[in-house]
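Chains: A, B and C, in written order; residue numbering restarts at 1 for each.
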């Protein structure tokens, strides 16, 4: 009589243990999101220096990197950006580069004004919140 | 003989599972704390733009938002603040706005020098630490 | 027959419970990492004001504090730093102060150019990521 219950309980314990391990692994994986909210090309360059160092230190395939530009930082992703080459280079190395659509609307910009191949999120600040809640580290250069 | 032990163990497993679910839910709830530590009205406005976007995107009743002003950022909450209307507007929409008492002391300010209805914490930086440890996202505009 | 399995399972549950408690305790312990990446002595002073307030509020022996200087912030730790006394004072009170070796290389600095007794990490930004993943709060003054 007790054997089936035992194995049910044991299966439950194993499932719980496995979930905890998976959650732990997902948390431990290297993930970092960079906030660019200053209209300062020196900050944009610092961000890409940071990204290069992260990829050099951890291996570009071992770490997920995202850059969110919003507010006064949106200029980093406009067609006339002084760091357009660095944006393209980072994307070529697997970095996710996203612009905030709220900022585009506020500054009367359209996607035609922006660098090609970048991604978009409805609200940059919500993206930064969500990623932190999913265990991403946050860096504000 | 084994039955009572079995159910004790099962109750323990259920209680553990329930605790984990509650902990997960508390973590998943949307909570964000903004740091204002620059004496720069453009940063103050960016902070309130950010807050508007968070409330628009997630629903004002679905997200807890706190703004902590300290150090050079304390001017945002003084009586002569250029963004006094935005502070009042945010508080009216449920945003918690707090000033750092250490900063008041250091700058020889009293509560009579500050906007009414705001809240206070002994140390703004400790508030920012504590909230992060409780699962709040951190945004430094 | 069932008794040995029972106690194995119970030992497993106790071990899991103990691990969760330890993980919780490690997370709850007060730990904070400060990022210094601006070439702005006012920011350096603000950082040390923040640190003083954290130690005053929580007790210097109750909180682990680390300061990472990198990029344009590296000047805070050079021999001619305008806050050399505050760096020494913080280290004397148990604060870990670290410089980014990538930044030293990029700016053609050696350890002989830096304040004595500070520590070094290969990449400041990776240090900031790692500590966040280990449950440290992040403050960017």
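Here, a contact is a pair of C-beta atoms (placed from the backbone, for glycine too) under 8 Å apart; a residue touches a chain by one contact, two chains touch by 3 or more.
Note that the structure is a prediction, hence the values are computed from the model and not measured.
Q: How would you label the chain A and chain C contact, same or different, if same means the shared numbers make up over half of all numbers there?
A: Interface between chain A and chain C is built from largely different residues.
Q: Hey, what angle do you get rotating chain A onto chain B on C-alpha, to the nearest 5 degrees?
A: A turn of 120 degrees brings the C-alpha atoms of chain A onto chain B.
Q: Just how far, in Å, is the C-alpha centre of chain C from the one of chain A?
A: It comes to 22 Å between the two C-alpha centres.
Q: If you look at chain C, which of its residues touch at least two other chains?
A: Within chain C, residues 2, 6, 9, 13, 16, 138, 140 contact more than one other chain.
Q: Quick check: in the complex, which residue numbers of chain C touch chain A?
A: Within the complex, chain C touches chain A at residues 2, 5-6, 9, 12-13, 16, 35, 37, 71-72, 102, 106, 122-126, 128-130, 132-133, 138, 140.
Q: Of all residues in chain A, which touch chain C in the complex?
A: 2-3, 6, 9-10, 13, 16-17, 20, 27-28, 30, 32, 42, 46, 49-50, 53-54, 56-58, 135, 137-141
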